[in-house]
């Protein structure tokens, strides 16, 4: 079994998880393919394409996977006129640069996001997002006095993780139930909302943890900046082609045990979609952009014809 | 100790609870005052005024209490020119009519609200409201096929009571977390939202269980009728004079135990305010009205100069 | 067969038509009942109530019918303590005053509406409304230079009647298709929209000819005053109790003959509902009011307990 | 020359000015008419009607003048069945009660408005309004810590009067140019806007100093309560009948002297109209109401058929 | 007469019609120019520029014409350093690729658009659009159960063509008058609106058949996705330079014959402009994008400096 | 002292002012660096980078300065593989082309903007903007009949400069106070608003003279096109990285002398931020674009990795 096959299997069986991790692992597998024997550049590119196809099919719903593969194939295409050796060398360095870029993206987003925060800001966040936590810690490190309001984020209470992490770090933290968002935004005079993203679509809509779209609605009504922070690897190439995003329905027992309400149907959707018109800006490792620029970023980075 | 003093004490110590119950008990106490000895009508009215004052001060925040007292004093004033005996007789019958009206108000609201429901409707409700449950059961009794979506209503899960009650009654019931309102309104094609009210202000704003204002916001964006159903005894006479409604902050342990997140401040507001512009109509026992008619209803029923 | 029975039959068979006409005819029939023999006032009131019931059931969907009957019963109740002769005399004069008031309402609305028009105004109207035509002619008679934009109002082209009537009267008139409303409002710099009403609901919503609600939507976006002009007899007493208004579906052949598109289902609703938040004011013979005052007007004029 | 004729002349020549003052002076003149000789009550009412007509025509644009006269005639009509002496006595006491009510209205508005203010509030006001200044001083007297932002209110800088008055009183006061409203609302986290009114129309629209409508627009976008405080004597009876309010155009030299910009046309409108949908509530001496209740208040207090 | 001159004449006389067809014919004419004799590459490019200028001036208002010409000149410029033979060969293959791309664009849009449709969807369309019909048929072919609502699209009834085409194809189809859009969107629970485009401007606004902008307004209010489907050849290069789009005014007799309403002025605009903020996404053969990405697409594909 | 050092000093001491002027001066200084001695291309690029850094730090808040420097470094990077002589030559011509482009940008914006104006337009502008004045004069030169409304733009009255300039040029000009914007937009039926910009952010927000954001708000409510006209050199590269724009607070004495209101705090912010959702389009020398395309334009022109 080739390394690429193993990687594909690991992604399929979810041994490899997390958008960034999946992208990096897939790129490393393609990097290995570069060392395969090949008659010429064209033949090697063909091998990359086959490998890419295999990887993509391992988890068709993982948004970062086709992005990583497409990126590699796009670079390959640009270098298709090079000799085999030049091609190998150029590709190795391109892929490694890209991997490092991914690994540094979280840190970059932290720095850019923290720039947007002023001392005295009251910030609300929903659920538990790596990028948001990184931004808030960075702002705190820079000596800015901030206060953070966390929703508990039913049914899985991921907001408690955020609250614990930030309060342990020394940031004044307030926890509220999900229903108190609208009132508390007013009462605590919230200045900004920061959330992460699961997927960014090509029309600028953002898919994120259930409840995000109504936090955005409240922020809009109260003229509070609603800011999404996410690595560009989560921008959905597939959405350009109109593939509908399926909102995962999770086990009802996360909400309440069946025994307690035997006759009631419990529904438990995991994500919702926030329309681009409710989002003030998206922060990626490439900087701050309006949500409508998603189409452009996807085109520049990930649109492979392969 | 006079019966009125006992009633005042019972209201103060919360032995008597619930908006309707408080109002009815207070009126009965004033009804007893009518049988007190008095030189003339004027003197008896003076006794009523003193009794009313005592009752009102028993629980200054109960919205139905001043309404009930003011109603009695308003009627007394209108009959001030009658002889003592005529006055007693007229007052007894007026107060009893009013008490019966209160007792029947829930049933009337049920009938009017059910008129608004069509077979096939998907209805969302938040928290647990007597008026809403009565309306939904009445519609079900009339053979209308409805489906009801209940929010769990964190932190106290009153939505589970609603879900249990409706599903036991044979109504198809769906339970969701508070964060899923926006998504589920779209996904399940919700037709109408019904909620109760704790207090209706003179400018048409409605105070109700925390989360109500963001359910209203979602309904507005999706063009879903947002309907408040409540007895008119909950319209706030005091709000005409600008008394600010204090949003009660409940024990943080309702949200999470202190031990689990020792460094986090937990806030737990019990109610929020829904602006009149988000409310399509209010149902009371007097029929359907726009929220802005609250000022008129309060003026007609409860504005006493005493 | 009594005169009242004949009237009821004529209303049922639609020999008597038109909101105003129905109201006036019903009142005249009740006026006749006053001359029936009766032991005392109470007995005569009972006869009025029975007659009223019979009349109301003749056409349950005619909004002006219960209004007229309720008005008469309300006045009867107020005069219940009079002697039989005094009662007859007071009722005769009250009913006649009310009938005259109805007959003059169109003229009054014309005068009030014309007051709102300024020389130079460009006015848009939809469908064909007596009140609106009266207002526009009155403004023209007063020497105001106006221009009127009429929609053709498919499928029945009632807008052509309006256009013909106004242009014959010497008013510069422009006809457009229903789809051109939004553009033409901008291009012609429309100042005000006037429409009539079929029914005004107790929460301020207005039911009128299909297309009215989207004209209102366009006017709102462009900040153009949207004004409804209608006799108060069309305010729906029934809507206070939550009766749902059924939107009449008319014959598809009004749109296109079945033969031309045999496989297509044609739908042809006759009315739509304009939400109160899109209406700037309603003109009745009692003056200018916000739509939310509908609840009050219905209560004052038509709410009988009989 | 009768006292009433003198009063009419004084109102005409603007020796008597100010909405409240005009109303009170007119009522006193009608009170004097009551002592004129008359054959019977009917004859005296006729004299009152003639006097009222004369007074109204003295300044047709003063909104409080017809209100005061109509009030008197309405009361006269209600008492038309009394004997001449009883009529005189009842009218004297009614008119005096009304005059006292007017004189106390400012104080009452101050108390009600101050109830709406919380310690810590940042309040913005535009132009110079007696009612608003009274409210702010009352809140300050009650020990509430407030900060007030005053616009300069070009071209006549009435905002400077407000700023001077409040700052002398010890209230922290901030002055800004009219263009800075939107930004400063955000920067200073303004909680509430209070403005006065020149006229309140029957559909709830409010006419006030130029610039008011755009302050309201900014407040709406930022979800800041926009509150109008005004005596009920300024509600326009005439607006019920559709009389168009003429926006006064003042001398361009208030803006800049002609010499400085000889070729430029300077326009200088004194008032603008704020739509009812931008107003959260109106405070009068009768309490807090939604703007849509204006129609009701005008009807109850001032609608005379005379 | 050269082939290019003939093509220019055919475009001018409208023998060649339709956005796509014009573009393809123009490109073929330029492709022929490539075989003209020329001293060197520079001279050949000069000939292409002259030919392009001639073609563009044949129909200055056809949006696809300058796009096609600019595309060719842009590619020419990029290859300006090649030898004459290399240039010819590269240009031939580029132009042919582009022509094929255009020919396949309709099919691609069909596939992408169908991806957005779910089984059970109720879809509304206005007028008659090739792209929309293709999308709907594709979705139907894929086995999705859809229902389509067609407006009749007065005055020329193009909606009937759409209705006929779809119903013949076996798709359940409903026809309504243009005024019934708002009501029917609610009544039939419309899920998505699809329309074509005549022109897409660089700021994202879309010009399409009269009535489109008010369909969009209704969709916005009801939170229904409003989707434009169009070939990228219809994106207006000229709009980048601010050329105002002239809304064509067609013959009034399309609306009604002059004889029937001799004194009425009939206006009959053919198109209107839908603001980008009302459009959720645009589908082109390049995928799904927000309307604001129009500027980018025009820049990349068509912005020639020639 | 090198020429670059002198330039840096002149920028620092504000001897060189104005966005365009600063950009051009900086580019000329870098152009001189090209003639410095250097071992090879790499070494010369290093010198350019050092020079660029020095220039940028001269006035860190001048938005056009980093843009000019980044542009030069971006071009340098693209040509890094050329020989020293080729590099020098290519750079000289690139920089000179860019300088000329800047110098011609005002004229180009004038032409594009004038294309958007139609004869008969009433245009409102705020403050004093070179680009807007150029556009208006150009439209006037083209024979279009326009009328221009200028706000006085307190506290510094720059609107008077605009009014004087336009009226002297023969354009009918109207001056109003800043508070009259909302009313006058309606009364004069304003068609378009044109304003300049101080800075355009990467998310499409525009920073401009205080008052701009509320003019935009009024325009939005009244559906009037709000158009920003500005050279692309004012697009903020720094905003991509989240640097917060500091709104300059100017001397309070610009508003009123301290002596006149000794106890009043006067605040005098110079700029405000207009949200991208209030802006219909931005005109630059590159054409018309939606505000959201700012991110793209900054990326293409100014994003240097140096």
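Order of writing sets the chain letters: A, B, C, D, E and F. Residues in each chain are counted from 1.
FYI, a residue touches a chain if its C-beta (ideal position, glycine included) is under 8 Å from a C-beta of that chain, and two chains touch if they have at least 3 such contacts.
Just so we're clear, the structure is a prediction, and the values are computed from it rather than from any experiment.
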{"item": "Contact-richer chain pair (by C-beta pairs counted) among A-D and A-F", "value": "A-F"}
{"item": "Proportion of interface numbers common to chain D and chain F (over half same, under half different)", "value": "same"}
{"item": "CA centroid of chain A to CA centroid of chain B, Å", "value": "45"}
{"item": "Euclidean distance of C-alpha centroids - chain E vs chain F, Å", "value": "35"}
{"item": "Distance from the mean Cα position of chain F to that of chain C, given in whole angstrom", "value": "57"}
{"item": "Multi-partner residues of chain C (at least 2 other chains)", "value": "221, 277, 290, 292, 296"}
{"item": "Those chain pairs that satisfy the touch definition", "value": "A-B, A-D, A-E, A-F, B-C, B-D, B-E, C-D, C-E, C-F, D-F, E-F"}
{"item": "In the complex, chain B residues that touch chain D", "value": "201-204, 239-244, 275-277, 290-292, 294-296"}
{"item": "Parts of chain F lying in touch with chain D, wherever the complex brings them together", "value": "126, 150-155, 160, 163-164, 167-168, 172-184, 187-188, 209-211, 213-214, 217-218, 221, 247, 255-256, 260-261, 263-269, 272-273"}
{"item": "Chain F contact footprint on chain A (complex, rising order)", "value": "112-116, 118, 277, 280-281, 283, 286-290, 292-293, 296"}
{"item": "Touching residues (chain side chain A, partner chain D) in the complex", "value": "186, 189, 221-223"}
